[in-house]
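Shown next, in structure tokens, is the structure this report addresses.
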Amino acid sequence: MALTGVLRPGHVALRVLDMDAAVNHYGNVLGLIETGRDAQGRVYFKAWDEHDHHSVVLRTADRPGMDYMGWRVDSVATLKKLAQDVEASGLATDMKWIAAGEQLHCGERFRFTVPTGHVMELFAEKDKVGNGMPYVNPDPWPDGLKGMAPTRFDHCLVYGDDLDGSVKLFREVLGFTLAEQVMAGELMIGAFLTCSNKAHDIAFIRHGEKGKFHHCSFILDGWSDVLRAADIISKKDVSLDIGPTRHGITRGETIYFFDPSGNRNEVFSGGYISYPDKPTITWKAEDIGKAIFYHDRKLNEAFLNVIT
Amino acid sequence: MALTGVLRPGHVALRVLDMDAAVNHYGNVLGLIETGRDAQGRVYFKAWDEHDHHSVVLRTADRPGMDYMGWRVDSVATLKKLAQDVEASGLATDMKWIAAGEQLHCGERFRFTVPTGHVMELFAEKDKVGNGMPYVNPDPWPDGLKGMAPTRFDHCLVYGDDLDGSVKLFREVLGFTLAEQVMAGELMIGAFLTCSNKAHDIAFIRHGEKGKFHHCSFILDGWSDVLRAADIISKKDVSLDIGPTRHGITRGETIYFFDPSGNRNEVFSGGYISYPDKPTITWKAEDIGKAIFYHDRKLNEAFLNVIT
Amino acid sequence: MALTGVLRPGHVALRVLDMDAAVNHYGNVLGLIETGRDAQGRVYFKAWDEHDHHSVVLRTADRPGMDYMGWRVDSVATLKKLAQDVEASGLATDMKWIAAGEQLHCGERFRFTVPTGHVMELFAEKDKVGNGMPYVNPDPWPDGLKGMAPTRFDHCLVYGDDLDGSVKLFREVLGFTLAEQVMAGELMIGAFLTCSNKAHDIAFIRHGEKGKFHHCSFILDGWSDVLRAADIISKKDVSLDIGPTRHGITRGETIYFFDPSGNRNEVFSGGYISYPDKPTITWKAEDIGKAIFYHDRKLNEAFLNVIT
Amino acid sequence: MALTGVLRPGHVALRVLDMDAAVNHYGNVLGLIETGRDAQGRVYFKAWDEHDHHSVVLRTADRPGMDYMGWRVDSVATLKKLAQDVEASGLATDMKWIAAGEQLHCGERFRFTVPTGHVMELFAEKDKVGNGMPYVNPDPWPDGLKGMAPTRFDHCLVYGDDLDGSVKLFREVLGFTLAEQVMAGELMIGAFLTCSNKAHDIAFIRHGEKGKFHHCSFILDGWSDVLRAADIISKKDVSLDIGPTRHGITRGETIYFFDPSGNRNEVFSGGYISYPDKPTITWKAEDIGKAIFYHDRKLNEAFLNVIT
């Protein structure tokens, strides 16, 4: 295959303080589709145009944040190979295999912690449940969508200390491309990495603490959907961070908001089609405002400081 | 890399009857950027957000159509490997190497004819000329764009006889995925193939003659750009085929029109994000109307019969 | 008031063959809101952002078409004055007063037939039921909308013989402005008339028969809603006439389709802001294709011939 | 005519500190069309889809702000009548007639000061220069547009002390409708007034000082144009106030920015179609954030305090 190895962000596991409020938010406001609940009380969601069983897993905890992020690889053989490569790289810690079925409808997962302190997983198998339309003569979208109704879980942005280490692992071991970077002189403080044609599949920002979560992001069809999402945020009294606006980095059209537990969500549209041979785009740290929020050209206070 | 092997459609070489009219069409109406002319009189164009030197090459001839389509692969090593694989497959004919520099700013190309009679090329090197913006702190789009101003050359759709052979070569040798297919009972009459996250990078329709060209397609940012393209078509008295409308296949929002030589162009936006593990979508031949033109639910006469 | 006299198209009364099918179409597909049924079996609808009780009235009959169109005037005094003016003009026939309450929640109506054979009404009072949102701190749109969900009934286009007579009556007696016209040499064959800032509130096409109905039109917020309407048309197997496309006349972005009884509906967006001092725009009959369907630049057969 | 009396905002006369910078801003960034310069050094602009000679007049001064706003009325007879009515109302001061020709291509103007201290004018005649397209078979938009390219000057928002007096004058003498209001208990602190189908043609905010200018606004075709305007603001290093966002009041989709002299401009799209019988919408002063910026639900500091 021309698209091989790590294919995409497969799931994000989030901690929420109040599951009922979270289910209402992710189901009715963000507009994901609930696909299951397990014996541990975890609730599973997918965006409507995803074919796999789930892309978001929520569990109740006493503080918000991200437990881990899972990556779909192209085959069991690749899973075994990449697990060996991760181990051999010396860049990961706390490596272990999670048995198939620990998450509903998901195969065996190889879990490890990257240098910025984030827990990542690789997996090759997850049951297909379809996108709500038949595989023969489908319509372009299904009936009954609710809320913002993004088509897919797209990426996460996370904060941590050893940015160089995590970037090295994603580039050299997992085969990601550095689409864009933010540089403070010679020091990389932001890295936007892709394993696909998308402008980013994961992004890291350098930060004093390990393992912090900035946001998980879901993709919409277009800018008119960003307006609709913005309207829904106000109609439903959701806490807004910033937007609608455009990112300088990736050019995405975006809006940020918070789930009831304080985890930041993004919905966005647009951005360019990326290829591994595209030269890396660099943003100077002194121009970080324009890089992040192209129209405002300055960061709002929440963006840098509210992380979970 | 996670995106490996064949990366993307790199160029399409078209025959035009009148170069001045063609240059006006591709430059001012479609809105590509002219990047060079060579000693043979060929004219080179790129879409603004492409970084490589060119993606469209025009030459004057006495009949319109496509000479060949070129595919950018990830490295010289891959180029050598895929050339061997193509040769070993027994599916290609007329194989040869074209020297670096035969096209301006393009490295060595491996050329072969696929079972439907279309000439394809693989290449690993083409000079980067950038997208009109700096690689440090770029704006989201450059000034001075003209016409429809698509961001990229996206794909071609071609007609030929041995559909099964070409599909086998693209899937099994070049690693493409069959995103969607049109089936007349057990007979595949349409194949939409991708080497990326895009819903298609090339498409084949079964047809009595070998080596026919249906259209080359360029991608726009969104549906409002499709309307603008439609307006430009009428303002500039360009021959319209059909649109604005939506495809059932790939969900793309589209408009078709003809260059002054009779070659069909498409500009489109939207469509889903595809992965190799997405189940192939099937359209029944008896529902081909809805598959091609989702709103009209019938083919216009030109779509099936006007090919070059 | 600066907007005085005849304010807007207030209602259109349509004949349908099968009320259940019609209620499904106007309620679930077009997405109007049913506001009442009367003792005669008539069913009343409004578009969501209208404040009056209804703008569409359906009755069962053995042939489709328009019974009449009603115009909201600014006051009872204006109603009396205009009724006298219509009578004095000698341009109308079959004049009579319809008692308040004959339509649910509607005041007294002055009914008359214009020279093209269409029945028109003036009325000054209709109960306000609101737009589904409070008059204090309203959100921009209500929850629970269905189908295409246009914001308002916008205009009708009708066919009839004595175009000059109807145009004279609307301009000279009712105070409308001729925004655009289609001329076959010296003969006016199309007239687009406005009583407001909208590019048209009613349009007439010259035609051999009296009293024919071409379409009633409803306005959407934008071009992305036209695409969504087009998708709904195919998802719900509604008969499409043409679109999405743009009109040359008024510049509106449009799609036409048929209700189950064969009455044509339009939903559209855009168009310019019109004022009475804007010079009348003229389209030559020989260029009628571009005037009506700006992109196709030719009429489809249905457009001219299918009227009810 | 059904649209009578005061038809529209006809011009706004602004003071700028540096004419060259202003001409670049209004011409190349905002994208108005320069239509003339007079002996006093004033520079005249129109938006492309206006037919009158100008809608913006700039003069050099040592402080920014609005000199006056002019209203186009339907006829000379109406001009005379309204001038008498204004005089008879006792609500205006500093009344005088300005001779035809004092502004290029503009007829006689009746000038007066309203209770909030703003200078207003009525006029009935201004030369038509067209919208850049023929009146026979026009295309939907002209070539050669620059910058944001709004279609029309739409409205102004001004700040002043005697809100009740100005509102009374516009409603009772000039025939405007109060579309929306902001109420601090029983005190009206904001009034949005229309003389047309547009949701507002002028707005007043109660403020301690007389005669202050908040912004002049220009209308775009849609939300995708608001994004494009936002991009242009950053590309051209224009000072942004806020946006893209939506207003609660009028529902408009908007972005605010400053000209080089510090005068605030708005470009916006959308908003509802208003009629004089629509019940007035009320916003509570304690919810002013949501009323002004529906998504942020709070005012930014600049919005209330930066006036010229």
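A, B, C and D are the chain letters, set down in written order, and residue numbers restart from 1 in every chain.
One rule holds for everything that comes next: contacts are C-beta pairs under 8 Å (C-beta built on N, C-alpha and C of every residue); 3 or more make two chains touch, one makes a residue touch a chain.
These figures come from a predicted structure and were not determined experimentally.
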item	value
Between C-D and A-C, the pair joined by more C-beta contacts	C-D
Chain whose Cα centroid lies at the greatest distance from that of chain C	A
Selected from C-D, A-D or B-D, interface repeating A-B by over half of its contact pairs	C-D
Length of the line joining the C-alpha centres of chain A and chain C, rounded to whole Å	48
Centre distance in Å when chain B and chain C are each reduced to the mean of their C-alpha atoms	44
Cα-centroid distance, chain C relative to chain D, in whole angstrom	31
Residue numbers of chain B (touch at least two other chains)	139-140, 222-224, 231, 234, 246, 290, 294
Arrangement of touching chains [line / ring / star / complete / other]	complete
Contact set on chain A toward chain D in their complex	223-224, 227, 230-231, 233-234, 240, 243-246, 253, 255, 290, 294-297
Chain C to chain A touching residues, read off their complex	139-141, 143, 222, 224, 231, 234-235
Residue numbers on chain A that touch chain B, as the complex places them	1-8, 49, 51, 72, 74, 128, 130, 135-140, 151-152, 174-177, 195-198, 219, 221-223, 246, 248, 251, 270, 272-273, 275-284, 287, 290-291, 294
